[in-house]
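Letters A, B, C, D and E mark the chains as written, and numbering starts fresh at 1 in each.
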Amino acid sequence: MSKRKRTKRKARMTHLPPGSAPGTLISAPDAVQSNIDVIAYGPEGFVEEDLTNASEIRQYIGKWPVVWVNIEGLGSADVVKEVGEIFSIHHLALEDILNVHERAKIESYNDDLFLVLHMMAVGDHLENEQLSVFSGKHFVVTFQEGPIDTLEPARERIRRGVGRMRQLGSDYLLYSIIDSVLDNYFPILEAYGETLDRLEDDVINRPSPDVVGNVHMVKRDLLTLRRAVWPLREAINSLMRDTELTFSAETRIHLRDCYDHAVRIIDFIETYRELAADLMDIYLSSLSNRMSEVMKVLTIITTLFVPPTLIAGIYGMNFNTEISRYNMPELNWYYGYPFALFLMFALTLGVILLLWYKGWLGVLSKRYSDK
Amino acid sequence: MSKRKRTKRKARMTHLPPGSAPGTLISAPDAVQSNIDVIAYGPEGFVEEDLTNASEIRQYIGKWPVVWVNIEGLGSADVVKEVGEIFSIHHLALEDILNVHERAKIESYNDDLFLVLHMMAVGDHLENEQLSVFSGKHFVVTFQEGPIDTLEPARERIRRGVGRMRQLGSDYLLYSIIDSVLDNYFPILEAYGETLDRLEDDVINRPSPDVVGNVHMVKRDLLTLRRAVWPLREAINSLMRDTELTFSAETRIHLRDCYDHAVRIIDFIETYRELAADLMDIYLSSLSNRMSEVMKVLTIITTLFVPPTLIAGIYGMNFNTEISRYNMPELNWYYGYPFALFLMFALTLGVILLLWYKGWLGVLSKRYSDK
Amino acid sequence: MSKRKRTKRKARMTHLPPGSAPGTLISAPDAVQSNIDVIAYGPEGFVEEDLTNASEIRQYIGKWPVVWVNIEGLGSADVVKEVGEIFSIHHLALEDILNVHERAKIESYNDDLFLVLHMMAVGDHLENEQLSVFSGKHFVVTFQEGPIDTLEPARERIRRGVGRMRQLGSDYLLYSIIDSVLDNYFPILEAYGETLDRLEDDVINRPSPDVVGNVHMVKRDLLTLRRAVWPLREAINSLMRDTELTFSAETRIHLRDCYDHAVRIIDFIETYRELAADLMDIYLSSLSNRMSEVMKVLTIITTLFVPPTLIAGIYGMNFNTEISRYNMPELNWYYGYPFALFLMFALTLGVILLLWYKGWLGVLSKRYSDK
Amino acid sequence: MSKRKRTKRKARMTHLPPGSAPGTLISAPDAVQSNIDVIAYGPEGFVEEDLTNASEIRQYIGKWPVVWVNIEGLGSADVVKEVGEIFSIHHLALEDILNVHERAKIESYNDDLFLVLHMMAVGDHLENEQLSVFSGKHFVVTFQEGPIDTLEPARERIRRGVGRMRQLGSDYLLYSIIDSVLDNYFPILEAYGETLDRLEDDVINRPSPDVVGNVHMVKRDLLTLRRAVWPLREAINSLMRDTELTFSAETRIHLRDCYDHAVRIIDFIETYRELAADLMDIYLSSLSNRMSEVMKVLTIITTLFVPPTLIAGIYGMNFNTEISRYNMPELNWYYGYPFALFLMFALTLGVILLLWYKGWLGVLSKRYSDK
Amino acid sequence: MSKRKRTKRKARMTHLPPGSAPGTLISAPDAVQSNIDVIAYGPEGFVEEDLTNASEIRQYIGKWPVVWVNIEGLGSADVVKEVGEIFSIHHLALEDILNVHERAKIESYNDDLFLVLHMMAVGDHLENEQLSVFSGKHFVVTFQEGPIDTLEPARERIRRGVGRMRQLGSDYLLYSIIDSVLDNYFPILEAYGETLDRLEDDVINRPSPDVVGNVHMVKRDLLTLRRAVWPLREAINSLMRDTELTFSAETRIHLRDCYDHAVRIIDFIETYRELAADLMDIYLSSLSNRMSEVMKVLTIITTLFVPPTLIAGIYGMNFNTEISRYNMPELNWYYGYPFALFLMFALTLGVILLLWYKGWLGVLSKRYSDK
């Protein structure tokens, strides 16, 4: 395998030092500075603002039917803390916002909902950023870990007033956020589907050791994706069934659509995992095949050249032909040399016939060589 | 493996661009033009018509106990939209109709049912077309993705008035559609069963690298089939149990038959998947066997010819026999040459006895060669 | 593998042409002619008769506490139809009777029960015949696909009046039929257990390529058996729990015994499947072992004979010893030849010591050869 | 593998001939003669007696709070029958007592409980004997298949009056019996744990073909153990929950302890099964490793000796140097022979450098040889 | 593999001799002496003391809202017994405290809770010590098996009065203990994640036989971890749902956080197990690859040198050229030797071309050699 740098993505596991008091808020050391912006809207209009200070959020609360605060970057623990105070976010939820991890979840705190989702992008490797959502009757707060942003289309729909976004409440916005996160997984899956198709082609037509590493990377990434979607499916299902929650009947039908998408995504992931496992098997069988082919060539060469070599060796012996008529009389035959060559040829032909009879000669022909 | 074109079938995953407003209706770029026809019937007769305009559907509604509208081809988003308006199909259902995917489902919208089924055909590869069904008290609307049509027998039964088709309502028509889709899977499964039997025969009697690719394709297709049937089984089960739905007791017994068929199909798929997995194992073991056989032939040839070659080499040395009586006196023996040949023969015989003792000579005999 | 005919048993999948109206009754083309016989009995006696005409059944109905009609052979669709009319068997049940398949099931039609069971026999391969049972308050109708008959002991108990058979109603007869079908699986399983023991012995002591095909056939047959028993277990369980059904408390305890038998059978099937999977692994490892052994022999022979051959080759060179004292002076040494032989011997000994040091020489000794 | 006798233990499957009337009582042909003894006890004392006749049991009933009858050996079907009559044991339970099988179970007959347990011992192989227990309000009857006896400590506690054994009723005795059977599995598991540790050591440090057979035997025995414990866990669980049954609150807490033990045992079995499966994988990889090592030695020897042999061959040709100055002038060079030896040496050195560059020479060093 | 000592950790299975009366209290032979210390606290302060005698505990009971007794070392069975009497710990719980085992559990005894947890540390191998917790309304008793102590931070929070530790009751202390045990698993998992990353790197870039043993050890340790966490997840879940238990609403939300942590830990364990299984597959494929590469080198060397050797052998034959013009006239050709060399060269070139055509020469180039 070539020496190319293999960009690895460790399973992310940021966690507080064991033994910290619950609710301790510390930003991860490599987190980027937080940036706050607000969109507040209702059927009659909307306002969008970049804030420099978390306390400015308060002026929107109560004035608009829905206030959507978006925090991008989790580097400023104090900003997160202040936002937490403004919307009475439970300290355990705040802890989960700052300590990003790979598992999606939906939890309820009284009448509010707390979601951990993941926005992904696939370049050289699978990028994975946490999106935490805290949602109440009249507000939605989203915390984005980094620059991947799949929420722009939702914002655009608010700005343009298309669809029923502005007519409906914060539950519909929450649905839209879940939906946009899920929708975003489809092109990623498609990319993996294409990678697998390409690897399948490689493994059947030109197997090389690189395939193993590549299939392994696909399997790792699919495990990461699965961890992001599997708990989401269960969570959406419970949201759909739970009658106390704040979802209107209309939004509930849309949530069922989300659930259906989650089920389809999991379906694809499982199918891809099975295909990837299959590819490893096919690769191993192609390795065995190749080795068997190499062995056959070795055997053919050996069986073709070793027997005549023996004959040549025999007639290269130096027995004294003058002492006895039993000592290599062939050397003095008139047709001794042609006889020896004929012996070699006959032996070789015999071996060739044996190999042909066993069907091994094909290994030398074109038919096998383009595999 | 030969260079024959491998017709691949990507897991289909048409989807809207992420971030589209829910309910956006866009036809897939390669979808064929839509074609509308209507069969309206009741106990006393039936009428069948090809329509050029979706709005003509309205004239059948309310006049016949059951109106069955069939749309073939999903290329005309506006036709689908208009049909959707006529029958008040929810915009999320319309989205699912246009964005075909591989997973079956049954959803209820108020008193109406929405089904996603798949009609398949097996030629060079498995063809898979979505059949969306929207069904209400007095109508059934079917949307066929392409030319595969397993519904003709149902139409024929309406036309001829055989069975109880015309006596019973739209629920029985809906059952007939599900039943005809499921029934159609049996010959497909039978085809795969025969393919597996053939591959099993190949893998045991004449294993070749092609087997791997073929088994892999069967496994892929079985995964596709499973995705089409597995959710259907659950869905039919819930239809059977749900007492609020519009199925009469009579139709319900028929639905149980459908459920039984779905269970049997899944059973076959799982069995076939296990058999296919087994075939890979058998193939790998036959590869190992062959390699072992090749190795034995190589070893036999080597052990037969290398030792005499050494003896020939020894008596080919040029030591000066005149200087000393220790220098290759055999060269001047009267029976020197026969002695040397005898040595070679004895050595070879010894090796043959060793091989025979280990039971390896069988590799050269007929018994192994026809494998 | 030898050319012996491999009797295959395709997964059976008789089905109507897709699109047939539900309840269409067509016999399978290779089905044997139907044969009707009746046993009617009660506490005070019994009567047994071979009937030539299905309509003669009517004369027994209502006259005896239990009427047991047995149809052997499914070739006469009209006979099955008439029997169906006499006992009001639902047309979907009749369809299942004629279109035999491999999955067991128990369904209720109003107060009547419909069962699909399988009677098996193991000779060269696993024979599998469907037994359909339709049972009501005072009658049991059994439809046997072919000549395998495990019901004779039940008939014998009726004739002799042993046990409580004649005292109890049709529910006890139904239990007896299920019980005799299940009991019959034990000797079949025992046969497979013995086959596996034999294969295990073969695979460890004398592995041959035949093992793979044989293990595969056992696995196929176990899959067929599983499909016959697995759904039965669930069905018996639901019969035991369902309080509305026609089973008396006494029969219910016997049903629990049936359930226990079904559980044990499934247990055995699963155990045997695991053992069969293990055998494949062991076979593969023994293949690897053998190959490694072959390789060692090749390596030993090569390393023993190739180095001395080089020495012989060197002293076979024709450099002119007269021109220079550097040109192969050994040829004119007094002990030149013994020296050369000693060189060869020393080199070979060195190689033997190396091999002994690595512990490879064992491959030539008795210890490995009887494996 | 050596020829040592492999003591096999067939999956036990004694069963009546198919078609026997339910409740037929026949002893297995190899069952040992039955031996009856009784312990009757209460808070104030106990009495223990060996009985020669089953009817003597009646004199203890009603006189002591708890009567424990133990039958060792199932060879006397009439004794079992009489005991069955004395305690009104259902004929299906009696059938299960005589026809021993490997699956544990707990069934209730009215207010009485019937248990099938297994007492095991591990010597050369896993010994497995059925313990059937029938327990009512004031009695417990145990049927031991053979000489393995794990109940002695319970008897001893009754004799000595230690613990609360004599104070509590037959439910506590029943618990004690289940507990002693379960406790007895721990040392057996420990033995298998040690066997696995030893095999793990073997497979990593000195892999030999025997490992495969040994791992396979461990897996078979673990399957047997699992079949003995798995159903027991479920059964104990249902005993704990069932409020109608005859267990006092005090005994119920002890039952929970039993349940916990069963769970731990199953846990160990599953862990051991995974470890055993792993060992097979490790063994296969070590086989591959060894083969690769053998191949390398072969390749090294070949590459070291074959090129110089060619050179020796070339200078052993007999071209007439006198006819032309192009015919092997080297033969007449002053330093011809040293030149040839140098050529050989250089070629061999080149090959050694190539192998060293590829890092293959390590195979000859100590580092690999002790693996 | 090198001879380095492999520190093994047997699955721990201390248990009483089978047949002991339930509740027998015996310390494990290698248990360390017990050491008692007490922290009693309330909102207004705390007291911490090392006790020499278990009976001194009584003076704290009833005086402080929460009394936390910690016993380190299980070597003094009488101390454990006395503590058991002071807090009325059930004798079965005491048995579980002394007989440490690997499975976590939570049981309730009346209003008290009994927990078995495991504190782990990872050095050369995974260290595993049992932490038993018995908790009532106003007290928590913890029994630590050995020196691993993850509870210090909780003690520190009591001492410093940070968080709400001192305000809340014994249920919050219990939560804190569970939480600190769970939190402690994250760095351990991280260590295994890094080990797997390293092994993955090794297996792809420089596969060696050591990898197999190391992967196997990781899998063993992950099995141990799983056994410690899996039952805990279920148990915490039931604590969260059980409304009768002594957890306040506030603590319940914290418990949900614990549950979430347990779920994440299990998630990681399962992911790591899949990755470890994958590594074995990759290692096996790299072994096959290497072997195939070795075979190719052998084949190349053989095919390059064996054919010219035959030609050299032919012209080394000693046929008498004087007797006939058919006997090796080449020997007397003017360009005989160049002709022979040309023959050899041509043959070798032919072979090289064949190998190049098959793409095998790459094995000798740099590209493959650094793999």
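The rule is simple: contacts are C-beta pairs under 8 Å (C-beta built on N, C-alpha and C of every residue); 3 or more make two chains touch, one makes a residue touch a chain.
On a predicted model such as this, the values are computed, not experimentally measured, just so you know.
Engineer: Once the contact rule is applied, which chains count as partners of both subunit C and subunit D?
Structural biologist: Of all the chains present, none is in contact with both subunit C and subunit D.
Engineer: Can you give the rotation angle that fits subunit B onto its twin subunit D by Cα atoms, in degrees and rounded to the nearest 5?
Structural biologist: Between subunit B and subunit D the superposing rotation measures out at 145 degrees.
Engineer: Just give me the whole-number Å value for how far the CA centre of subunit C lies from that of subunit E.
Structural biologist: Taking the mean C-alpha position of each chain, the two centres sit 40 Å apart.
Engineer: Would you mind pulling out the distance in Å between where the CA atoms of subunit A average out and where those of subunit E do?
Structural biologist: From the centre of subunit A to the centre of subunit E is 25 Å.
Engineer: Can you list the residues of subunit B that touch 2 or more other chains?
Structural biologist: In subunit B, 284, 288, 291, 295, 298, 302, 306, 309, 313, 316-318, 328 touch at least two other chains.
Engineer: Chain contact graph: line, ring, star, complete or other?
Structural biologist: Topology of touching chains reads as a ring, each chain with two neighbours.
Engineer: Quick check: in the complex, which residue numbers of subunit D touch subunit E?
Structural biologist: 150, 152-154, 156-157, 162-163, 165, 179-180, 183-184, 186-187, 189-190, 193-194, 197, 200-201, 204-205, 253-254, 256-257, 260, 263-264, 267-268, 271, 274-275, 278, 281-282, 284-286, 288-289, 291-292, 295-296, 298-299, 302-303, 306-307, 309-310, 313-314, 316-320, 323-324, 326-328, 351, 354, 357-358, 360, 367, 370-371
Engineer: Help me check something: in the complex, which residues belonging to subunit C touch subunit B?
Structural biologist: Its residues touching subunit B are 1-3, 6, 8, 10-11, 13, 15-16, 18-23, 90, 92, 95-96, 101-103, 105, 107, 109, 209, 212-213, 216, 219-220, 223, 227, 280, 283-284, 287-288, 290-291, 294-295, 297-298, 301-302, 305-306, 308-309, 312-313, 315-318, 321, 328, 330-338, 340-341, 344, 364, 369.
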